[in-house]
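Next, two complexes with chain A in common: one pairs it with chain B, the other with chain C.
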Partner chain A sequence: MEQRVIEAEHIVKKFGNFAAVDDISFYVEKGEIFGFLGANGAGKTTAMRMFCGLSRPSSGKGMVAGLDIWSASEKIKSRIGYMSQKFSLYSDLTVGENIRLFGGIYGLDEERMKKSGDMLLKKLDMYGEKDVLVKSLPLGWKQKLAFSVSVIHDPEIVFLDEPTGGVDPVARRQFWELIYEAAGRGITVFVTTHYMDEAEYCDRVSIMVAGKIVALDTPANLKKSYGVNAMNDVFTIIARNAGRNE
Partner chain B sequence: MVIKYLLEKEFKQFFRSPILPKIVFAYPLLVLLIFPWVTNFNVEDMKVSVVDKDMSEVSRRFIRKVDNSKYFQLYNVRNNYGEALKDIEKGNADVILELPRGFGNDLETSGNPEALVAVNSVNEIKGSLGTGYLSAMLNGFVSGNAKGYGMNMYNPCKDYKLYMIPAIMVMILIILCGFIPALNIVNEKETGTMEQINVTPVSRFSFILAKLIPFWIMGLVSLTIGILISVLVYGMVPQGSFLTIYLGAMLFVFLVSGIGLVISNKASTMPQALFMMFFVVMIFVLMSGLFTPVSSMPLWARCFSYLVPPRYLIDIMRSVYIRGSGIADNSFNFSMLFLFTVLINIWAVLSYRKRT
Partner chain C sequence: MGMKKFISLVGKENRHILRDRWTMAILLIMPVVQILLFGFAISTKIRNIRVEIITEKRSEALNRFVSKLDANDYFIFKGYLNESSDIDSEFRKDKADMILHIKGNLDNMSGDPLQNIEVIADASNPSMAASEQLYSLKLIRSFFDRGMKKAGKKGGIHVKFLYNPQLDSAYNFVPGIMGLILMMICAMMTSISIVKEKETGTMELLLVSPTTPLNLILAKMVPYFMISCINLATIMLLSVYLLGVPVSGSLIWLCVVSVLYIFLALAIGLLVSTVMDSQLSAMLLSVAGLILPTILLSGMVFPIENSPAILQWLSCLVPARWYISAVRKLMIEGLSVRFAIMEISVLAGMALVVVSISLKNFKNRLA
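Let's turn to the complex of A and B:
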């Protein structure tokens, strides 16, 4: 059981009568790259926000990093990283200052902060941009920086909400290298995306339709059971079926 | 300590902002150089249309006296009341002074002459002051010398500026330390950084405190600028101690910025926050006795004004500036300020939700 970083049982989130997340159950194992797929409005972000302690489920049970999402949501926050859809570092602070701020917030001491800050800058090849205001960086760089800052405290799991939206293919490629690198350090990655080529990079993927998880397996198994060659086709078939049911 | 990093962030953002550091200096400067001149209820140079039916030496002397005073100015001498009334209707004159036939004679025989004073009271203040001034002048004229019996305590020249400036300083604090924090958090909500903070283990208390401290300093700086201007430009030095002023201001700044934070926690967009803040500021300005004395409000409004915190600081400021009161004389005001500061800031911390 310790090997499971997320355990969700019958999680529901209702807004009025509308169930944005409608009874989902799944688990994520330690060190996995877990792809959380679904069309726009399928409930991915809503589900993710519950695991990050940003919103409270209407019902259901859940554990994140070994802690209960109902009773220990504040404790969970020091063990997770999060990168939202919207770019969300402080644009009027410099690269170095953002690293320092979030390092400080996560309780890194000065020495460790300096070390991991320098490492991070070197890894991103942004050492020269340390004193540049974040708002003047190109989007692809910003996203890479935001990701690196979100794992600066070596969390058990990092949640990425459409991290590569609006980024060019080369930058996306580099971004996934960073994800692999983080996974190699033992950080579990929970990522939502619309890009089906990215889904292929994941260890396992789930596909959400109208608040429910309708498929969950490794990309290879999913392709086999749907009898197609690409995740793109799997997604299209599932989305078409969903359309027919309505 | 997390608060150290949060404070670093707030101060850097403050000094990097294109307008905030300038506002702290420019706002008190501008407001204190302009407002004391326009928020002035003293009435001067009212235009008088005179109907002199007496045509005596005495009546002419009185008319000259009226014309020479700084409150009145002779507009015209008319033959009858109807013509004079036309002057008022056209807006050329504010007051009609009718001296009946026998005005001079009455003065010499009975010493009790009568005159008619009719004032355009569309502007109530101008109206009542005009009647008052003119009657007083007539009384002075009758008794031969303009001896007054009233004594104006503490503000001998009844200078309205002396009354308004301490209150205007309070208004500066309301605007600077209430509005800006309100917009600050909402801005973080809109840019998405708020959500990023909300997924971190930062405690609500340290986040709010880090927001408050810069505004606290900013408020005290602009108050100091305000005090300097009032000394240099208006020659106004508080009769009481600076300690009392600053102590009150420190409490008050915490209070209004707390209100700003509550609003920004409740609002999700800038326009929402702005409207709420306007609403609050409107009540603060009109109900706190800033322009119109609380004592002249109806009973229900006087009761309500106890819920309007600026009232206490305005009271403190005026009494320190004009009468030289100390902390002990203002113990009620200080306790009420303290109470509101604590309550509002508890509300600010509680209304900040990291989870929806």
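Let's turn to the complex of A and C:
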């Protein structure tokens, strides 16, 4: 059996009477690219924040990187990477300074910092931009840089919260090449998105509606069981059904 | 390992500040500008009071008195008037700020000379009139003192100003500016810099990293703490060497109290940042909730003793009130630290309360 790096059992997050995350259970295997889909407000980000230790569930059990999210949330933090929906580097620092900062707070030593930093710049073909302020880079570059920085410490899992918002399809395609490359290194990728073409790139996807996971399978199986040819259609059918039930 | 992470964070905060050259410049120049403004432009000290004298008889003693008056920095002698002159029109035509009416002959005056001299001042600006009157009484007093002693007579009330013999307003506002600047830089700038990270979303990035919230906050405070120390030194150097306000008490205790106040102000900034979500609201709250009370209720500009009771009670909540009072005692009056124990304890108590509330708030926001 594959090793499970994320496990969620009956996780609930309530704000007052409103259940933003309403009893979800699933697992993610090591090295998998797991797509966490859903419309805006479906509870994706709320669920993800609980796995990253940014908030605590109201009830339910969860394990991330083999550690309990209730008792070991601080330990989990050094084993994961995170890139948020909003742009997540310091725009008034240079490319090199951002790399050093995040290398530093994730506890990389001098030697490893230099090695990983150089490798990262070479891979992104940004060696010439090392001393450029991040705010003067194009958005697509910033996002690729942000992703590379979020895995600079070789985490077990990287959480990506709508990482490609606002960039063109070509830049998105390049971004996904970086994701595949990280997954190839054994880093598990947990990604939320509402671009359905991106859902096709995932190994497995879950679809959340109103706080619940209503579908979870490989993109191919989902398309087959809904009898359609694209993930976009799967999503449309699910959204329509959800609308009818309300 | 923990230390290395902390140093990375401090380095980042330093760069944020150093890279924002204009803000940095303003932070460093602000105390200089304020000292210059308060020291030279907004002086409550009165110079060049124009004096006219009404007299029946010009005596030798009067001549000596007038030359002494004219030689004094505070007064300019403008001329003599007759008994019949229209005093009102002299003021209305703005020929004089003050008129002395000398009855009888100064050469052989019987009794207290002050009983024979009338001081008439334009009180449309009451605080100016009061100062003019004080200065002139002092001058008259000292002029007649010698003669009176010779005659074996005793004068009326003696006025003596302790600690600030020149009635120099710098003695009052230097502690005030220290209280104001430190509050502005520490509280306002820390709160803005933390809230800024909430706004841009980078705060989440730091919170999912293995750094502890305490490290994160301390790293934010370090650069502002350093800037505040530089400002403190600037203010003290300017006030000693430019305005001539001495540090009469213990410099070490003055620094200890200031560091305590800086720490409290930083903690208040943190508290503001846990309550507010945008830079604008953080700034408004800092200005309305911290800076204005510091100016209005701390005794910096208006004496608290004259305010209504409710404002006096409110002013007890303003940290600057205690700090300014402590600085007055330690710096101006040169008292030993045991006279400022009350102020120091209040500041320390406030710091403890604010730090614990804001740390708790900061952690709660994560849940």
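As a working rule, the second predicted complex is superposed on the first by the 244 of 246 C-alpha atoms of A that agree within 3 Å, B and C clash if a C-alpha of one lies under 4 Å from a C-alpha of the other, contacts with A are read in each partner's own complex, and residues count from 1 in each chain.
The working rule: a residue touches a chain if its C-beta (ideal position, glycine included) is under 8 Å from a C-beta of that chain, and two chains touch if they have at least 3 such contacts.
Nothing here was measured: the structure is a model prediction, and the numbers come from that model.
Aligning the two structures on chain A places chain B and chain C in clashing positions.
Contact with both chain B and chain C is seen for A:Glu97 once the two complexes are overlaid on the shared chain. In the superposition on chain A, A:Phe175 makes contact with neither chain B nor chain C.
Touch criterion met: A:Lys77 reaches chain B and chain C at once.
In the superposed model, A:Phe235 lies in contact with neither chain B nor chain C. In the overlay built on the shared chain, the residue A:Leu54 is in contact with chain B and with chain C.
Applying the stated contact rule after C-alpha superposition, one finds that A:Tyr106 touches each of chain B and chain C. In the superposition on chain A, chain A positions 52-56, 74, 77-78, 80, 82, 84, 86-93, 97, 100-107 are in contact with chain B in one complex as well as with chain C in the other.
Within the complex formed with chain B, the chain A residues making contact are 52-56, 73-75, 77-78, 80, 82, 84, 86-93, 97, 100-107. Chain B meets chain A in the complex at residues 2, 4-6, 8-9, 12-13, 16-17, 191-193, 195-202, 354-356. Put simply, chain C touches chain A in their complex at residues 1, 4-5, 7-9, 11-12, 15-16, 19-20, 200-202, 204-212, 366-367.
Considering their complex, residues 52-56, 74, 77-78, 80, 82, 84-93, 97, 100-107, 159 of chain A touch chain C.
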